[in-house]
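Here come two complexes built around chain A, the first alongside chain B, the second alongside chain C.
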Partner chain A sequence: MDATFSRLTMTAASAMLLLALVVLWRRHVSAYITAFRTQSVVLAFVGGVVAWYGHVPELFFVSVVILILKGWIVPWVLSGMETRRHSARELHPLVNTETSLLVCGALAVAAYEISRPLAEVMNLATRGGLPVALALIFVSLFIVVSRREAIAQIVGFLMLENGIALLALLGAYGVPLVVEMGVFLDVLLGVLVMQAVVYHIYETSAD
Partner chain B sequence: MRDTVVIAAQTLLLAVLAPAVVGYVRFAKARLQGRRGAGVLQPYRELRKTFGKGMVIAESASWIFHVAPFAILGATLAAASLAPVVSAVQPADVLGDLFVLTALLMLGTFFLALGGLDPGTAFGGMGSSREMTVAALTEPTLAIAILTLALTTGSTSLGVIAGSVLKTPAYAVGPGHAMAFTAFLIAMIAETGRLPVDNPSTHLELTMIHEAMILEYSGPYLALIEWAASIRLALLLTLAANLFLPWGLAASLAPSALAAGFVAILVKLGVLGLLLALLETRVAKLRLFRVPELLALSFTLALLAAASSFFTR
Partner chain C sequence: MDLILVLALLTPPFAAALLALVVRREPGRVAWLNALTMPVSFATAAAIAVRLAEGGAPVVVGDLWRLDALSALLAVLVSGVATLAAALGPGLDRGHRVPAGETRTFRLWANLFAFTMLVAVSTGNLGVMWVAIEATTVTSALLIPLRRTKASVDASWKYLLIGSVGIALAFTGTVLAYVDFATTGADINVALHWTSLRAAATALHPQVARLAFVFLLVGFGTKAGLAPMHMWLPDAHSEAPSPLSAMMSGVLLAVALYAIVRWKTIVDLAVGSAFSDSLLIIVGMTTAAVGSFSLLSQTHFKRLLAFSSIEHMGLACFGLALGPLGVFAALLHLSAHALAKSAAFLLSGRVLERYGSGTIAGARGLLVTAPHTAVLFAAGIFALGGLPPFGLFLSEILIVKAGWEAGHPVLTGIVLVLLLVAFGSLLVQLHRMLFGAAAPGVVRGERATVSVVLLAIPVMLLVWLGVSMPPQLQSLLNHAVLVVRP
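Our next item is the complex of A and B:
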């Protein structure tokens, strides 16, 4: 029972990290959005698993909200932004792909090393996923700083947010519902504001 | 004595089965593309025909050109002898482990590149330089991906790895295992010159890798190299099947278990070959400059898999 719980959460967390790494390799915004959407669906799955095995029924509600907000509304808004972008389709990262993949490998190993003492003193079944969540946060941060186009930076930022949510789910079985709702509203508002700002950027300068 | 028989039988099985694996993948691909396709046994006929032909050898070729085909086949056969094919009881474990296997595969690649360089033609040199670019990233990836399993099971011997995953199925479910398997598959595709990296069915492209190196070979030498290439494909597919998904592998040397293991490996090769054909039908060849990026991805995956296996232990 506990073993299944830990395996399921670890595999899902690794899938989320994998999707962040895939973003580094792809060059089109639509692939970025698909990766983010899939990642959010996996996050909702983690929420469901933690709710079921950790006996936290309110997390079911939270994962449904994740599914609707991050799995559907936000990708939809992002796709809308992408269709309004007239410049070149291909993205141009500041760091080349091989280097950024190797840097992210090093970042992930560093995250494993940093969180090892933490994972050792905890006795939650989900502790194995903590290093992965931290690695996801580091990799997403790297995506934000290493992309030139605003929309790619937004996807990186949303993945960073996913990483923090994953850390909260695995490390504390979720935060209180009020805080969770506040975070969701923040994300939605943030994306809408960013949409307006990015539109202005495109208007005033040719990307 | 019994050990020698077991090793020889498994190696022989892989060597004899290999052209059929290639023929099967080609057949499946042809069917997926709506062609009738040549039969599964076509590569055997091609090998027989090529063995019977005379050779045209460039005047500028040195002795390396003559040694290379034998060295390639020898290294590949030696590597094949280490793999558990039908039974997890693999006496060759005392001869070499996963590092020896990777080194032997690398030795074959090395001689292939030398053979391409030796006659001094432009295509051969280009192919060799490309092959080395690819090999520099695939070989460590293969080794690290298998090393992930070694870290979980506590042994670097291939037979022991397969045996203990067989005994404790929990090892096979987990993030490290999945990432290592993905990394292994990408490295395997690059190593055997399959589609996103190299196109196995054309000879007239400026982007070819494997075919460019063996362009100067003809007759029996070409047959030896082609046979070695098919053994390499069969060997890597077998490793993917038996190390990562070892179910069906015989745990003892009893005749019934061996028969079950034989059927299991045929089924697994069939499924993996079909997946390979599906992949080759769906994807287009990558630009050559994007190949190292794909390989860097697989290397990072293997590295993460190895790192995360410290946590699941």
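Our next item is the complex of A and C:
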């Protein structure tokens, strides 16, 4: 039972990290959005698994909200922004693909090193995934600082949020519901405000 | 009773924001209502502060709301500056008409911004505190490009992105602390509550608590403008409309430092204060140095004020690491800075309006063109430079004293040098603005309007603070120190 639980969460967490790495070599915004959408669906799956095996029924509800908000609404807003950008031209990151992948490898190693004390004090079946969650946080941060286009930075930021949600799910079976709901509200408002500001950027740079 | 207090504190800004959202016509009336009801929020915060200063019990409502002396101090600052900004914001001055849309946008977001800051300081749940501080970024970012210039839109984006990412790191720290708490076997339903966190703090695992604090310091430090995460601050604070700059510089930075102080208290109980103190000293000194050495090279007066905020946050951060006296000094410093910086930013808005330019060189002859504004602005700059008889002089002396007594003579010496550099630079820049011949075409002379009288209030309060500290404030600060260092 615990072995299945542990294996399922570990596999899903690794899948989420891989989906973040996709952003590093793809050059089109649509690929970024697809990667984020898929990652969010996997996150919702992790929520469901933790709810089932960890006996935390309220996480089923959280998973459904993740699915609706991050798997559907947010990607839809992002697609709208991409349409408004008027150009399907390639993105030009500040760091080339090879270097990016090397840096992210180093970040993953660092995440394992940093999270060692955390894994030592925990006895949950999910603890194996914690370094992966931390690695996802670091890789997402790297995406934000190494991309020039606003929309790519937003995707990086959203993946960072996914990484933190994964950390909370694996580390403590989710944060208290009132905080969780507040976070969802912030993500939704945050993305809408980011969209508004990015439209302002398009307007002012068109002049 | 406590429920009424919390409602009276939070309702005025929230209701005003709702009203601005719903009422499409005549935003001027919304503005009036806003200016007339915000004092209710301020008076409530003051009443709570007096109760706690007299040793009363914290204001507690349910699981969510809890105001102790530290919260009350911040609530007074936030609601005070928000009241000033509401009274001086767009839509009220008949002599100076602004587009109706601008008034409406301002009243909507500025009030939501004040509301989120008040929630952040009045909640007893550190998870909700994080949610509220994250929301401060969202509510203030759209207001920065009120006039859609390219510079303001870019500043807004930089602020939004760096602020959101920084605050996400703070959430990582919050989650790490929560994970740690969950492993101690305590009731996780109340895990992020201040009282239960503090009770369980000694059982936390030191390594995890340290890791969490690093994330929290970097995250909330980004919002507090601590170096090297301060790059967004000069742009955002200088491009924002002046009443918003006043709120961002005067109190938002203080609210972010408040979050750091809360977590520092918990982490100190788990691992001892040496760890967090040394981090705060390094970050504080770096920030103060970045701020003070950047002052002289600024060419725009609002950027000058923004870098001065960075310097003062560095000083406060340094003070927080210096034991009880240092915490006392840092909290006093934050209070005095809130008064001085909000007044200075609001006055800079008047200068900007008069000259139509934000450059220091372009605002020559201020004493002749706008004498009232000039005198108050000069007083504000003197206060920020740490000159007596203003409140910041007192708090800076106390920070230096605390540094000396805590056994950091070299660092204290460096702080003194930084203070002198900041003072000299501010004085040189002020001199450039006050004197000289104003450009032809700039209107000369100024009437003593209600706005001028309102702006004189924070300046007079600063003098009061510096000359004789009110005993209630002293008592409130002492109680707040006890919250941080039990």
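We take it that the second predicted complex is superposed on the first by the 203 of 207 C-alpha atoms of A that agree within 3 Å, B and C clash if a C-alpha of one lies under 4 Å from a C-alpha of the other, contacts with A are read in each partner's own complex, and residues count from 1 in each chain.
What we mean here is this: a contact is a pair of C-beta atoms (placed from the backbone, for glycine too) under 8 Å apart; a residue touches a chain by one contact, two chains touch by 3 or more.
Everything numeric here is computed off the predicted structure, so don't read it as measured data.
Once both complexes are superposed on chain A, the partners chain B and chain C fit side by side without clashing.
Once the two complexes are overlaid on the shared chain, A:M122 sits against chain C while remaining clear of chain B.
Touch criterion met: A:L102 reaches chain B, while chain C stays clear of it.
Judged by the touch definition given at the top, the superposed model places A:A13 against chain B, while chain C stays out of reach.
Judged by the touch definition given at the top, the superposed model places A:V132 against chain B, while chain C stays out of reach. In the superposition on chain A, A:L160 contacts chain C only, with no contact to chain B. Judged by the touch definition given at the top, the superposed model places A:M194 against chain C, while chain B stays out of reach. The partner of chain A that touches more of its residues, comparing chain B with chain C, is C. Following the chain A superposition, chain B and chain C show a smallest Cα-Cα distance of 18 angstrom. Put simply, chain A touches chain B in their complex at residues 3, 7, 10-11, 13-15, 17-18, 21-22, 24-25, 97-98, 101-102, 104-105, 108-109, 112, 119, 128, 131-132, 135.
Within the complex formed with chain C, the chain A residues making contact are 114, 117-118, 120-123, 137, 141, 144, 150, 153, 157, 160-161, 164, 167-168, 171-173, 175-176, 178-179, 182-183, 185-186, 189-190, 193-194, 196-198, 200-201, 203-205, 207. Considering their complex, residues 64, 125, 127-128, 130-132, 134-135, 137-138, 141-142, 145, 148-150, 153-154, 156-157, 160-161, 164-165, 168-169, 171-172, 174-176, 178-183, 188-189, 191-192, 205, 207-208, 211 of chain C touch chain A. Here chain B touches chain A in the complex through residues 170, 173-176, 178-179, 182, 290, 292-294, 296-297, 299-301, 303-304, 307-308, 310-312, going by the rule given at the top.
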